[in-house]
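This report concerns only the one structure given below.
So that you can tell them apart, the chains are marked A, B, C, D and E in the order they are listed, and the count of residues begins at 1 in each.
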Amino acid sequence: MKVGPFHKRHPPVGARPGTLVIEPGAQATDISVMDYTTEAVAEHEHVPAAELRRSTRAEATTWIDVRGLANEETLRAIAEQLKIHPLALEDMVNAPQRPKSELYDEHQLVILRMAMMSDGALQLEQVGFLIGKDYVATIQERDGDVFDPVRQRIRQGRGPIRSAGAAYLAYSLMDTVIDEYYPVLEKIGEELAELEDEVVERASRGTLRRIYDAKRRLLLMRRAVWPHRDVINALVRDESPFVDATTRLYLRDTYDHAVQLLDVLESYRETAAGLLDVYLSSQSNRTNEVMRTLTVTASIFIPLTFIAGVYGMNFDAMPELHSRIGYPIVLGIMLVTGFGLLWRFKRLGWIGKQDDREDGAE
Amino acid sequence: MKVGPFHKRHPPVGARPGTLVIEPGAQATDISVMDYTTEAVAEHEHVPAAELRRSTRAEATTWIDVRGLANEETLRAIAEQLKIHPLALEDMVNAPQRPKSELYDEHQLVILRMAMMSDGALQLEQVGFLIGKDYVATIQERDGDVFDPVRQRIRQGRGPIRSAGAAYLAYSLMDTVIDEYYPVLEKIGEELAELEDEVVERASRGTLRRIYDAKRRLLLMRRAVWPHRDVINALVRDESPFVDATTRLYLRDTYDHAVQLLDVLESYRETAAGLLDVYLSSQSNRTNEVMRTLTVTASIFIPLTFIAGVYGMNFDAMPELHSRIGYPIVLGIMLVTGFGLLWRFKRLGWIGKQDDREDGAE
Amino acid sequence: MKVGPFHKRHPPVGARPGTLVIEPGAQATDISVMDYTTEAVAEHEHVPAAELRRSTRAEATTWIDVRGLANEETLRAIAEQLKIHPLALEDMVNAPQRPKSELYDEHQLVILRMAMMSDGALQLEQVGFLIGKDYVATIQERDGDVFDPVRQRIRQGRGPIRSAGAAYLAYSLMDTVIDEYYPVLEKIGEELAELEDEVVERASRGTLRRIYDAKRRLLLMRRAVWPHRDVINALVRDESPFVDATTRLYLRDTYDHAVQLLDVLESYRETAAGLLDVYLSSQSNRTNEVMRTLTVTASIFIPLTFIAGVYGMNFDAMPELHSRIGYPIVLGIMLVTGFGLLWRFKRLGWIGKQDDREDGAE
Amino acid sequence: MKVGPFHKRHPPVGARPGTLVIEPGAQATDISVMDYTTEAVAEHEHVPAAELRRSTRAEATTWIDVRGLANEETLRAIAEQLKIHPLALEDMVNAPQRPKSELYDEHQLVILRMAMMSDGALQLEQVGFLIGKDYVATIQERDGDVFDPVRQRIRQGRGPIRSAGAAYLAYSLMDTVIDEYYPVLEKIGEELAELEDEVVERASRGTLRRIYDAKRRLLLMRRAVWPHRDVINALVRDESPFVDATTRLYLRDTYDHAVQLLDVLESYRETAAGLLDVYLSSQSNRTNEVMRTLTVTASIFIPLTFIAGVYGMNFDAMPELHSRIGYPIVLGIMLVTGFGLLWRFKRLGWIGKQDDREDGAE
Amino acid sequence: MKVGPFHKRHPPVGARPGTLVIEPGAQATDISVMDYTTEAVAEHEHVPAAELRRSTRAEATTWIDVRGLANEETLRAIAEQLKIHPLALEDMVNAPQRPKSELYDEHQLVILRMAMMSDGALQLEQVGFLIGKDYVATIQERDGDVFDPVRQRIRQGRGPIRSAGAAYLAYSLMDTVIDEYYPVLEKIGEELAELEDEVVERASRGTLRRIYDAKRRLLLMRRAVWPHRDVINALVRDESPFVDATTRLYLRDTYDHAVQLLDVLESYRETAAGLLDVYLSSQSNRTNEVMRTLTVTASIFIPLTFIAGVYGMNFDAMPELHSRIGYPIVLGIMLVTGFGLLWRFKRLGWIGKQDDREDGAE
């Protein structure tokens, strides 16, 4: 139940703009290049930063995929090759940034947050996109991403991807990032459904914790998805010179997906809030049940004990004590009193079928 | 009390845009065509996709009604005939989409969610509309819709429907979809009224569940109706070449209905929230009642039992025990104490007419 | 405590636009016409629909007042005479509509909701206004309205009303509708003030119901008043050809009133929410008081009873029992214990002046 | 704890626009005039309405200060002299209006609400401003205002006030009205601070009332301050012919003050809401404490009493009773049981240093 | 738990605009000047106000750093030298103002709030910036600021700071102020994480206080950060003549940081609200636990005591008493009853492993 310390790798306060913060455990920087024309695809692994542009043929679209943020020099070399503005480089390296879209002279910078379920745990990782005239560069924190289907589509040349240029490639990648949230939300939806069962059938204090955790995860998701909507919308609306009209049409679709994700998130959040209400009410119900048990037992036996106490007194002159039928009569009074009270509590619904009455309809 | 898993049929993440997702249990695709001029109406059932346009006469308005999403080939053939953009087709087939309105070169795409009460259960189904120059195509998930009154109006030629063109036909269909929410809301309103009675008169734990369910249903409805408002507003405001000025006037009316539905939904939501408050308060009231019973019983009999206990002690030298009037005096003290406490609790309103006092005004 | 079923008289879903819904118990349609110039006023009762315009003199301003929605033919005849668009007629007849303002070729349509206190009960009724070049038509559901002062002003010729034209007449009527909410709000304010006293001094379960009812009434009022603000604002801002600049100045004043009503409503809503908090807290306070009584009684007498129980045991060898001073000593111990506990509870504030302490400041 | 009936002096519904409502207890209308040039200041008391403009010299700036709203004729005479539109007059006389700014041909109308602490009680009074070419007229409900420092500045000729014209005078007066809220807020802030102490240290039911009152007062303040912000902003933004550019610069400063006041009000409101949470939680804590006392006492002595009860039974054959060591053994068992339970409850933290544990950190 | 009195040093109400409020304990005013070209840096301490501009060389950028607000004359002398408008001076001296940005003829005024952690306590201090053509003036309340890294960068000539002009210097300083909030938020995040542990594991009444304090601190932070966003945005958007396009690019980055800080603050606020829910629920859980203990003990022993009471009665004719096996049988019944009830309560989960059951999953 950690709040999660504040994660942003921010440079020392007052540092020169463009200062990069390299985390101790960061992964070594590695570059893959994929460049393709309608006819052919060439893939290069471990490309040195200095040869980035040299590996590209004319008329081809190039996807430069950088993974790992450990080597400041390599990153700066890449920036020099691609003419990345120091602020843009800082934004891509000092993760997590708020997702955003910014226009520079040489390219459009887009920063998204990629969600993945790995081993049942939700992982968020930042991806930076640079959309240039004939290339797209992506900068990721770690190996492992959601882009394999796009790589396949490029290799197999299915659809218009091989001929549609850099903006379409960027769209394909960003669309993949957004769509990857669908299965993540599905997972969260299933957990909420399980929580609902738990709240109704076997609520425990751990339930509260799980509701609380679910609310926090939804909060985190919303913080990631909300700016995505704005980023994609900006790409659709603004007349970026790096995004052509056709691709804009496709991005409109991606925008719809982002909005739909937000819709679902909002209804999940309301669901979680509702679960909390139900939980708190069931707690109060349990207290009520405990109270009822005590009240019934005590209210029946305390008066009876009093009667017994009266005839346990040692006064010399208590004529009832010496009567033959004193004892049976007192026993009878006790029985009548006891069952009378029992009947009354039953009629009030405090005993017997109380559980049925309360839960019967469920 | 399921959250309902996340329903959207989304294509595999990273798939080519325009990929269709055909659900296992989807209904076989079937096409009906109705084309009419001021003079005549022709209806064709089971029209093959390839003959879609051939069945149409000049100067006629055509309504192409596609039901069932099982046959990808048929759907793609329809798309080819009507020049549907792959993204538009994807939106219409991979339901549920967020309701939306988008302009393409050949037609205006509108996606709405249709609500129907069938056998007392609320059913939501997506309907896609393509509004062309001289035709309207609707794509539905299943047989069964709310359009029969419109079909009747076309057959009988009542009102301007036979002469007013494709946009007016689209308006009539969309208006029907929106208006169908009225009886659905009426039903929900009745349920809320019943819940109100239940909360006041016979609240049980099942009540909480029903309040919670009502809140969720209202949430679901709002998620459907809210974007409808925007969609219809966009059709009224934007200068779509497929919607003429007269029809726009009619759509303004439909827009008002959508807004009114939202108003009602909002007040229902506040009503449901109020019910929850009343329920929680009545729970707390019940606990209070139980406590009062216990307190009255115990506070009267515990002191009396103590007195009895004193005279049940076995000391040799307890002069009271040997007095003639010891026993009656002690009994008298007990009676006075008991009734004194009883009177006090009555004055505090903890016994007797407590129920009247609490519920009398209702 | 009914939610109030969903009231709108909507036509059968899918019906032709312009379909009128005549309610069984609707009042028979009756038309009064008042037309006046600076010099003279003429009033006509029970005017036949066909002679509507004939009764009007040149240069006069005419107020056509239609009451009762039972006769569809009459209503349609009126519509024909005044060239009312079918959608406008539908909006005026199928009440309640959301208050709105719409411009048609022949006139400006305005729909407001009129509030009246009749016999202490709040009544809401729809009024439709058609503002033409030289006439105003009002369509009401029932006899009985708030317009009598305006009728008087016309008859007596006070102020500019006789010379200022149709728009000014419409303003006078609409202003009256809006201002009638002031006494209604005053009434609600008084009820809230009474509720406040009740919550503090004699809260019962009926109180909760009354708070809940007050909240619902405020919700209902807000749903009526909120769109009024927009309607009047639209008339002030938009350049309707039927509203001249001078009248617009007056409408600005009406707009201010609508905004002020909303302000008051909002603060009433917050007041009602605050009352709920106070009520719930006072409930919890009462439980606390009950608990304290139980705790004090039980905590004092249960230990004493135990002591008595010890000396009620029948062991042969209990030397205390045979001591002369055994009984007085035990009684003394009981007294000391009892008063000691009493003193402790008093110091904790659980008995005695507890009420003063809790309520003293009130 | 009154809600405060709805105060607005509104004319009878349907009355002619411009109708003035004179309250029974209103103060007699009195006019002071102050007119000044850079060289000299002239002050006139009890100026007759008819001589309003005559008392003014050429090239001078005139401040006409009207106090008291009892004499309708005088007010109408003033209106005639200053060419006040009937609606403007109505707004200034029928207080309280929502603060607003409206442009008329002859002057700018501004209505503000003036807050004063008088004898520890918050007083709100409406002030209307008319800003003309060379005069400012203020209309107040009562004698007594916050303008004395401005009067001093005019008399002493400090700063630019004597030469800067009517708009600057109006700014000075309005700025004073806004700034007077600072000490009022300071007072409320101190009360909140006291309430905080009270909630933590000596919460009683009266505390709830005081929290509730504080919330209502903040609500009232917000209703007054919020429209001020809009009014001042409108004066800064709109190009009123009666407000010159230099004065607009000063008004920008006043606007900042209004925004800052709102900021403080919002944080006070959140503070008050937080106090309510703390209060409710402390109530629940007190119940818990009471319960613990009961539970500890009862759980220790009820079992012991049972043991005593067993050996108080009168069976002939109870060998323990005749044993020499029966009594001491049973007493021993009682002691061990009692202290065992005591130790257990201590370990659970239910007795002993409970208060320290709960409150220690405070 | 003080609300913090309302801090703003506002001049006496009605005072002339531009009046400065010098606080009794204010620090003596001291001026440092740093002016630099690409080649050289000159630093001057304790510069007299009159020589402010004389110390500046041509073509240099000058940073005038004023600390301490005690000497009104010095401050007015500075204002005269730099041609500061009286309102601008008032804003900079009468702290705290709401952060804002205003354009004057001679310079751009920017007011920010600087946050520092000093000795674990959060300190907020106002900084005013005047951005002129070739100088930046900063006015701080006290010695001690967050600008040392910028001073170092100027001295060492790292990055473009020495050549990029006054606007870039201002950006560097403002960026430092904004970025200093990161470590402050980190600190608060850590405290929240600790609070989470405390709420779950060892909640006490002090916990509530700490949650409440955390909420207030977050509220305070938001009040500071929120307007920063608007201020920086205004600098980026508006075409201030004192901020060049390049610097605007850098400010866009600062804007992103401000937005991100707000994001984090919002999620912290929701976290704190969630903690409150968990705390309140755990309180209610503890009450439940106490109740259960009481109920189990009382419900078992009260009936048993009753049985013992019956056989402690002194009737002459109670045949059971004289039976040999009467005593063992009654003891047996007691054992069976007791263990039966025990077993029932165990099955209900009210005793034994209750803690495990409740907390096991955590």
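Miscellaneous remarks
The working rule: a residue touches a chain if its C-beta (ideal position, glycine included) is under 8 Å from a C-beta of that chain, and two chains touch if they have at least 3 such contacts.
Keep in mind that what you see is a predicted model, and the values were worked out from it rather than measured.
Between subunit C and subunit D the centroid-to-centroid distance comes to 26 Å (mean Cα coordinates, whole Å). Each of residues 284, 287, 291, 294, 298, 302, 305, 309, 312-314, 318 in subunit D touches at least two other chains. Taken as a contact graph, with one node per protein chain and an edge wherever two chains touch, the assembly forms a single closed ring in which every chain touches exactly two others.
Order of chains round the ring, counted from subunit A and going first to subunit E: A, E, D, C, B.
Across the complex, subunit C meets subunit D through its residues 146-150, 153, 158-159, 161, 172, 175-176, 179-180, 182-183, 185-186, 189-190, 192-193, 196-197, 200, 249-250, 252-253, 256, 259-260, 263-264, 267-268, 270-271, 274, 277-278, 281-282, 284-285, 287-288, 291-292, 294-295, 298-299, 302-303, 305-306, 309-310, 312-318, 350, 357-362.
Of all residues in subunit C, only 1-6, 8, 10-18, 85, 87, 90-91, 97-98, 100, 102, 204-206, 208-210, 212, 215-216, 219-220, 223, 276, 279-280, 283-284, 286-287, 290-291, 293-294, 297-298, 301-302, 304-305, 308-309, 311-314, 318, 320-322, 324, 326-327, 330-331, 334 touch subunit B in the complex they form.
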